[in-house]
């Protein structure tokens, strides 16, 4: 790894201190026991099939003043910011592209992961997430409306506590809507972690980590699935699975995820409606202010005129 | 001149060849269907694939009215060398190789025939065991012949080195990887043997000017030998593809 | 790859063909084109394979290196995939033109091989926490005639099956350093267990139906394809096969490619279709590899490579 | 209507406001924007703070790691600060390695912080020549609406003040390390540096000093960032940086120093209250 | 219900060569001297150096009167006036289309060389150009005739005949141009019920025979007709033809209507069309076809 001269670097061989804590050496079994108790309640008090709430208190638009559209989503500890900018002409391209292009970048904050510090340079995971995000958004954006132009979508993950791809897709969907980019449908996404016969809907980082760890007992299902859906059109726009699962498990997971994605829809709709209402009011307010200003100006002009006339 | 010991007391080289012996060359034309021309060539353990696209319409930025633009890319498979390569191309060595290939092949191609066109020549080294450049030139020539691109003559490349047998200078033909690694001098020549023209000369390490002539003439001899081998391969390839009825209908 | 340019009417012809389950070369939607396989083609690699599927040509070399295991997985070795799209395949790949496609494929492979049920990295361990083997699986795409993913995964599995790892005796010395003893005999090595290695199946959605093994023309008719990675069945890869009664092939990865989307029903059907296809691919590959190993043992095998 | 005017006559638009002694966002020249501060919002860090000065939003997260000290400074720990100006915070920044501007900002913040001498790097050493803390402070700008440096320093100092170091046991014989996260001690911080940015606008004949400028104002004053940054630490003057822009009279300079001092007191109060609330 | 998968080994590779063992022609290779300069003129594939005519490609010599050419086994298409070509529209430019014809340079189809649909008179106006994309857009396939050859070697095409123009549903195959036999007619309605255009440029187009629809009729209907699915039986024959041509090409055999038809007839001994993808079967068909061609010639 070459040294990054554009940033300040720490010593080369520094190690996160949690490698030396007792926590670090826990076995698969211990970790599993921690996640869920005998009543089927997860560490954070949710049941297995309960997603973290994405109502208007935890998701909002208009986060970033400098962007055309932006969104912020908070799923308990997972925190994601997204901004969308005005389409711009594609640079260095000889061929005409009839469809507009999406440029997606997903980045983790250096301090976002509980286990270790992330390097600044984009790693394979970030690149894969960026591709997944683009894949999920492409079918829903009316790309034929901006030929030869490119739309930049940036997602920043401030804190990663599981389901960050799903959160990124949801945030990007909201931000696109906020930026008034024409879309065929709202896009919603949800994740699922499978450990044996348990399906953790909207998993936390600890749950995800265990799901991709190699299980002690051979042959059980394990892994992660993220699915993005256009709920009104009933289309799957992206599906990503890793781990190892049999067919039945995948079929069941697909059903569960589809339901979850549909559940998110009213939340997103509510946020967007509220957004429109707010901006209407804001506009009214602005117009009012402008009128007042104009009136004041006119009054001043009158004053001057009278002064001039008098002088 | 105290050099590395490249010849045994019996006068044999490290891999058992005689000083003027080429490594075994095996080749085949037309290994792929998509390119206009393609060829595979083995020179000892060095294995090279070449593909030719074109002549086709040159991109606007490259287009030249004077003649065809020859575009070469030299790339080595990551598993081609003893130690794994990190990148197949884009490093300085392969850029330089691409440039040298272009020089040698442009000399052979009748470029003036095809204004506003471009010929792409892509080399993929599958296994490198010394003399990858020579094998690349030879493979590219075959691929050009397969593509039906007009050539002045075959372009062939061969390397030669210098060794001593007692006090007798004994130039070595077609240097292999062990001999390259032993640190002897390597003279690489790309030429059009039937015309006697030299398209490229490259010398690594130093060589006393007195011996330059004999090393060069050995390398040229190698080029001529290779031309014969290539020519035979081309004729065999033609024989396979030509059925009797064609001649009648012409 | 940007894909071939096709006229709308050509596309309609292909689309109707898929609907009729009769494609333009006479195949049904679940048929593969004939393939040709050769292993042990690169002498600088520990294992290698070349696979030709119609005119899709893939060369894979596996190289081994000794490395230090990751601190969170001290008992496991490492495997790394690198795909290179050679410009020999198409001028578009010149320079860094094929990089995106290459990354897509290597990501798919990396994910498919991620699970211990797909590929057991324990067999690459030399000394727990200290030393392990790292496999570099280098894939060279020499010609593209559609369906790269499937062909690559077949070639990779064949190359891994062909890979030999030297026996190493390692002992921990005082002060934490490791002492190696590599056997001098080049034949003193073990073969990798690659029976469970996953195969990727691309299901290309054309109209409402999905086809396997799409040709380049068919690929450019499709806006979305599904790629499923299915683990292999080790019984096809050993002569004295012991039938494991409950053996079930599993999905080790699912991904989607292309700008389109797919309805849930089509999606489910496609996965089932993929599993069936993967099973027949696995069986055919296993048979071919065993046959080749037989030839090799009888010293009948010649290296053909690109000659002949 | 106003938007169109702003687009067509950017300078005139700005001058119209300045002539009336008011800034485009309605503030007076000496007004600073509201500050919102939130401590420990991000749980994956060892300490963190989010600050919002008007629209400008900066998040700082601290991650602790362990390393062997440098041979030439065996009893010093490490403190690494970096500022990231993300492409999402403004359309001016492109993805990829940090731009020149981002590097400049990163350097200013590091310089200001080093000059303030708030952290003694010797405090970060655990066992001389063997083990020391590496404190990675990453400041990330989510929304760049001017005066980024102020916000960066604010988040950095707030998060450092809330940082606690876990107990480390180092066995000299076996070189084994164990960390006990249940016992934590706070890091010793001297003082509380506060930076204040100014933009200087030359409207002949007078030059106008704008405090806590927004991104738009910074641009109008002819820079990619603030023109003048003044830093005070606990009532002590500890740094001034001026970049481009226009000349500043002695008188105006004195005035800015006083304003910066005033502001530093205010900011200190905000930070103290916030940290106190957090402890409660 | 599982699909058909075959994996063969390299040791079982089939050599597609069906060249008869009869005497071979004299081959010339690059740089080889063909004859002295005095009596001959140099043509394609040759050049003059040191008062000699030398070959610049590898192939056989053709002598027409005093003109000497060397024809390579394969090369890009070199067009001649009057050739029938099949091409694909690459780009719509002002007043012309750029067409890919496997030539060294992209070919040109001038707007003035096109019969606009319905026989309507062409107005030389801007309107035309807007209509151009409607008439032929990027990706469309056309059949055309080489009208002239520009000085730089690029071809100018025309479609001013009812038999030329835009192609509808069907399959395109690309082969080396040198495998196409020059014939008087390159449009064939094969007895198996399929229309085939064997372009001189190596592009072969197969489609069901048109049931003589009246072109003058309503435009919508024509477009509708374009979208109609092709019957499965036609589809099967086209697939069989396609695989037969692929078999002949693999063995580098010359293509014309008779060789294709022979191959088709020989292939009927294999019931399932997809069997024809198998290399051994391909060789078998090429071999049988060669045999029939030989026997005809002997007659």
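First chain written, first letter: the chains are A, B, C, D and E, and each begins at residue 1.
The rule is simple: a contact is a pair of C-beta atoms (placed from the backbone, for glycine too) under 8 Å apart; a residue touches a chain by one contact, two chains touch by 3 or more.
Here the structure is a predicted model, which is why all the values come from computation and not from measurement.
Asks: Which chains sit in contact with both members of the pair subunit A and subunit C?
Replies: none
Asks: What are the chains that subunit B and subunit E both touch?
Replies: The common neighbours are C.
Asks: Among all chains, whose Cα centre is located farthest from the one for subunit D?
Replies: E
Asks: If you tally contacting C-beta pairs, which comes out ahead, B-C or C-E? Let me know.
Replies: When the contacts at C-E and B-C are counted, C-E has more.
Asks: I'd like the most central chain, judged by C-alpha centroids against the all-protein C-alpha centroid.
Replies: C
Asks: Find the geometric centre of each of subunit B and subunit C from their Cα atoms only, then give the gap between the two centres in Å, rounded to an integer.
Replies: Centre separation, subunit B to subunit C: 33 Å.
Asks: Go ahead and note the Å separation of the Cα centroids belonging to subunit A and subunit E.
Replies: Measuring from centre to centre gives 53 Å for this pair.
Asks: In whole angstrom, what separates the CA-based centres of subunit A and subunit D?
Replies: That pair's centroid distance is 27 Å.
Asks: Report, in whole Å, the distance between the mean C-alpha point of subunit D and the mean C-alpha point of subunit E.
Replies: Going by mean C-alpha positions, subunit D sits 71 Å from subunit E.
Asks: Among the residues of subunit C, which ones contact at least 2 other chains?
Replies: Those would be 305, 308.
Asks: Where in subunit D do residues touch at least two different other chains?
Replies: none
Asks: Which residues of subunit A are in contact with two or more other chains?
Replies: none
Asks: Can you work out from the touch definition every pair of chains that touches here?
Replies: A-C, A-D, B-C, B-E, C-E
Asks: Which subunit E residues qualify as touching subunit C in the complex?
Replies: Interface residues on subunit E, with respect to subunit C: 1-11, 13, 15, 88, 90, 138-141, 167-172, 226-227, 229-230, 232, 235-236, 238-240, 242-243, 272-274, 276-279.
Asks: For subunit E, which residues are in contact with subunit B within the complex?
Replies: 17-20, 22-25, 27, 29-31, 45, 47, 49, 56-60, 62, 71-76, 104-106, 152-153, 178, 181, 252-254, 290, 293-294, 297
Asks: Which residues, counting only subunit D, touch subunit A once they are in their complex?
Replies: 1-2, 42-45, 48, 55, 57, 59, 61-68, 70, 78, 80-82, 84, 86-91, 95, 97-98, 103, 106, 110, 134, 136, 138, 140, 142-145, 166, 168, 177-181, 215
Asks: Per the contact definition, I'd like the list of subunit A residues that touch subunit D in the complex.
Replies: 4, 6-11, 13-18, 20-21, 23, 63-67, 70, 77, 79, 81-83, 85-86, 105, 107, 109-114, 117, 120-121, 152, 154-156, 158-161, 290
Asks: Taking the complex as given, what residues does subunit C use to touch subunit B?
Replies: That would be residues 42-45, 48, 55, 57, 59, 61-63, 65, 82, 84, 86-91, 94-96, 136, 138, 140, 142-145, 305-308 of subunit C.
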